[in-house]
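Each of the next two complexes has chain A plus one more chain, namely chain B in the first and chain C in the second.
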Partner chain A sequence: MSQILRIALDLLVEAARRKWFVGLFGSITLVLVTLASSLELEVIDGAISGSKLFGEVLFGDILSSHRVLGPLYLATAYAAFYGGAMFLLMACSDFAPELLTPGRIEHLLSLPVARWQVLFGTYLGVLTLAALGTLYGAGGLTLLLGVKTHDFSPVLLYGSALGWCGFAVVYAAMLASAIFVRSAPLSAASGLFTLVLGIVSSHRESIAAVLEAGPRRQLFRFAMMPIPRLATLADDSAAIASFTPVDSSALVRVVVACFVFSVALLSVAAWQFERKDF
Partner chain B sequence: MSALAVRRLTKRYTSLFGKPLLALDGLDLAVPKGAAFGLIGPNGAGKTTFIKLLLGVARPTGGEIDVLGGQPEDLAVRQRIGYLPERMHLPAASRGKDVLRTVATLKRLDVSDRELALALERVGLGVVDRRVGSYSKGMRQRLGLAAAMLGQPDLLVLDEPTDGIDPLGRVEVRRLLEEEKRRGATLVLNSHLLSETERVCDRIGILHQGKLRLEGTLDEIRRVERRWVARFDAGADAAALAGAGFVAEGAGWAFAGADVDALNVALDAARASGAKLVELTAASRDLEAVLADALGEARA
Partner chain C sequence: MAARARRRWPWLLAAAVLVVLAAWLMSFGEPEPIEHLPQVRLPTRMSEPEATRAANRRTWVAPVVDVDAGVLAPPPRRRDPVLAALPPQVHRVAMVAEVNGILNSELGPLLMDCVGGGELQGVIDEFRDAGFDPLTALDRIAVADDTLLLSGDWSKVDPTRLFGKALRTSQDYGPNAKIYELQLSDGGFDAVTATWKGQMMIVAQDRATLKATLDRLDGTGPTGPSPIDEGQAYGELYGIVQRDAFSDAFGKIEPRLGDTIRDAASSAMLHLDVSHDVGLVADVDSVDAQKGEELRRTLGAALSVARVKAQASGDAEGAALLDLARVRAAKGNRFRVEAGLPNELAVKGLKECAEKRRESSRRRAERRLDGGAPAAAAAP
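Right, the complex of A and B next:
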């Protein structure tokens, strides 16, 4: 096993002892158990003919499973994207600053592990944590509703994967910030700032149209150019989850932009980490 | 053969707004394999910087470092080093065994749960099964020491190993360090407790304002002033002894000279006057006096 995986695994073990993550997985379990025990769906020939939640009738019409699950998955995908990002932004903000605490980082760097391995191991650990949460929540819901509707479409998993991709950008910014200034609040703030920038970037054309034509508009367009369009990613995530077709080439461009932006941030972080004295 | 050697080692800290700080100024030092080397000096002397440079945690501005035949950045070299930082910070939610397991994993050591339990037992934490967050400072140091000694490293670098440990605990730590020495490990010890350093180390370096003021075996640096106290028989002529360079001191006669040759010339002169030498001891001072003198000279 490589040192990166060891660092990532160590972070996961540490996370498992934290109340934040026990709470997250507990909450997901609670939602799934509540839905499993309270949601009743009648399925006839692949269509849902009736539904009850806590014994109350939701609708009596005969609807296709996609029409029933679509809105639910859409809401879940948005919640997973923005809610998940906000939760992880807070819960993971102190992983890197904690690792860089005097007395811990010196000890870690005295072990046979390279600095870049510590950095990428931490990144991988946090992303694995986010992936596990996403997989458990989205996978659990897909499985649960699949059993009830006999429709096991993995669309929610695909949509949530895009949410995870968005968080990868946010955490790259958080990690880079922590390497420069060891502060959990600042790390969380830089993650939030990146998320907001990503939303602004998604609407850059409509915002640019509002700005006066000239250098200011050009500057805005130029500044927004490298920022991944996170709100677009969230919309695509929700669209995929709700069985709505998306422009796949545009989606690939957004995902590639997320990847390139994250790699750029991590490269800056690695450069600073390598030259830093502790 | 040296376990570590530094040549013209310099470290200058620069900041955007503050003045640059010269933490180490052209340090030359070699510590033989198997030695227990103690680094002493006042706060801000550069001791911790020196240790950080040895481990590759900080990078030198100039000079060369050779640790266990390689560079501090070399992962194979770090595999053979055990380190205890001055203020060990550990993840609060972990238990002692978890911390050791992490170290063992990153050092690629194949250790069983039983071996980890024994490592904890060795530092007096065998019966402690609670989260590190509730550990006292002394317990953290003990755990850090257990982590440093894991895998029998060739070089143990310990920054204030007995800090926060009670007097009985210090005796235990000393015993552990003696065991490590007997095993053949090289020890580099940075401690404010001079008596501890004196008891554990066989070589001492005095660091002040980034320069090595004095370095040698414990006996060498204690006797650096080349001073001896002689006792002659009752019939010795006081005037002749004084003429030979001896000065009355209590029941004996003190002689301070440049070297052993100077002492022998004085002794020959005393014997020539009919005095018979009964006892001769090299005057030695404790480490505190040596440090005070070294720093006094440096300040002068």
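Right, the complex of A and C next:
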């Protein structure tokens, strides 16, 4: 386990050197600072009685803070889920191919580290990086709006955590693809393909219903069976962030399925990694 | 070579097992779409069916008065008789309930169970015996200060059966009305009531008020604009609440809010829709813009505090209703308060209310039986 953590830490150090990640944290900071300085919320006994953004009146109605924050958190959760996944799949697409570059991989394999540990360590490192970004963005916004509305609610953090679970599947596919073909664009494309598959999988029953009954429909159903419902996860993430109740048992199954499917993809990658000669 | 093969195959086996496990975890049906914010229909304007209903009710024309020899005044427009019967000036409240609409709505039966249950059935039976079935013949109930108007089909009612021993005297009044004097218990409560054209039953606390209402309907007394404009006759409950009644209602819950209302408000026009969801809209008029803003903020804060209290006490329906409440930005001296309860929560709340009522009725019946048993045993 310590070897996996060491590889993950190594990856985080490498990420810290990259401008993209400085850009990620910098842009989150910029959004938070801009909101902090430009958003004025007037609060009376837990209700929002008016708001201004850059001095312009957004609304003058008095309504509960949940009703103001709900739509804001909803949009943030969707943006974090899909926008975050897109950003990270581009930003992280060359981590695995670089890991396998001649010279670096030989150096890694000369260390007392098993190949599967290198693989899982890389995966853990990228997920840690994504978790830090999520925590910083969602936590910062929660803190900022909490100070302004006097309503500290952790729902956005919970919703964003689901977004992070979704990215876990996307990056597992990217890493597995890179092990088979050392190409950053292909790795990004496989991540994007997994995200689209996850959206299709979320609507599998509706899509199957419009397909012609027969082997094609059966094949579609069979192929979709293990694919995690990523759009469902995004909807649940947005629902939780906007104070809307969700079916918790179905949610737990989706989350567990995300990690089970991710480990399945990593297992295939480990099988391929073990048989490669460097 | 063999050692390497042994090392690799468990990864493929693990992958296969995990894929099957993921497939099993994903094997539930397509989840229902999540409804993020419950959409509640609020009575903000007259709908098309309500406009048709209002047009159909314009059956009353004030008799034309000959103002000069041979010169007739222009024919007056048709009006809704219930709204025309209301006094032009109300001191506390003028409110109309669309009883028939409520009873025939989705929430109607549940509302009946909650409000009256078995006890209300007794009253309904008494009316039925006298030739008036409230469930089918009663259209609207209007209240204007101390006057009660019940519109519907009163043509078949037998007053002697309806009022029984309470009926003291009866006399014709004008061409369309008959007045009945009632003494409802041993000097406990007196009232005068009248039927008008078989379309309306009017109950008042004194003869002068009753006659003034009948005179307005017959066009023989002073008339004026109704306190409820016909364009405002939408929703299942609508009307105007004057400052004192408005302030008293809130003052009982929150004395400071009551004082602010007394100081700042002039009246509030209410509309309640219970056709599917429960939606409430109140347009509050204030004495001036500054005091109106103060009242608007006080009401907003009071709603927020009430929501927190409802949440803390586990009152889910109350908290949901208040969570959807909104105090709109003011326009001049007027601002709007909106609140809504989605159908699902309204049904749940009404079912619980009906259950509580049945339970309390059962307990009262048991107490009566327990209290009555010794007396019955002691009787010769």
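Rule of thumb we're sticking to: the second predicted complex is superposed on the first by the 277 of 278 C-alpha atoms of A that agree within 3 Å, B and C clash if a C-alpha of one lies under 4 Å from a C-alpha of the other, contacts with A are read in each partner's own complex, and residues count from 1 in each chain.
Note that contacts are C-beta pairs under 8 Å (C-beta built on N, C-alpha and C of every residue); 3 or more make two chains touch, one makes a residue touch a chain.
Computed from a predicted structure; not experimentally measured.
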*Could you tell me whether chain B and chain C fit or clash when both sit on chain A in the superposition?*
fit
_Partner chain(s) touched by A:P112 [first = chain B, second = chain C, both, neither]_ = first
*asked:* For A:R18, using the defined touch cut-off, is the partner it touches chain B, chain C, both, or neither? Pick first, second, both or neither.
replied: first
*May I ask you to decide whether A:R67 touches chain B, chain C, both, or neither, giving the answer as first, second, both or neither?*
second
*Now for A:D10: first (chain B), second (chain C), both, or neither, which partner does it touch?*
first
*Touched chain A residues, chain B compared with chain C*: C
*Tell me which partner A:A213 touches in the superposition: chain B (first), chain C (second), both or neither.*
neither
_Just checking: does A:G103 make contact with chain B only, chain C only, both, or neither of them? Give me first, second, both or neither._
first
*asked:* For A:R275, using the defined touch cut-off, is the partner it touches chain B, chain C, both, or neither? Pick first, second, both or neither.
replied: both
*Looking at the superposed set of three chains, what is the minimum CA distance between chain B and chain C in Å?*
5
*What is the shared patch of chain A, the residues that chain B and chain C both contact?*
275
*Flag every residue of chain C that touches chain A in the complex, lowest number first.*
4, 7-9, 11-12, 14-16, 18-23, 25-37, 296-297, 299-301, 303-305, 307-308, 322-330
*Given the complex with chain A, which residues does chain B contribute to the contact?*
13, 52, 55-59, 75-76, 78-79, 81, 83, 85-91, 93-94, 98, 102-103, 105-108, 144, 147, 157
*asked:* Touching residues of chain A toward chain C in the complex: what are they?
replied: 44-47, 49-50, 59-64, 66-67, 70-71, 74, 116, 201-206, 225-229, 232, 235-236, 238-239, 242, 244, 246-247, 250, 253-254, 256-257, 260-261, 263-265, 267-268, 270-271, 274-275
*Residue ranges of chain A in contact with chain B within the complex*: 3, 6-7, 9-10, 13-14, 17-18, 98, 101-114, 275, 277-278
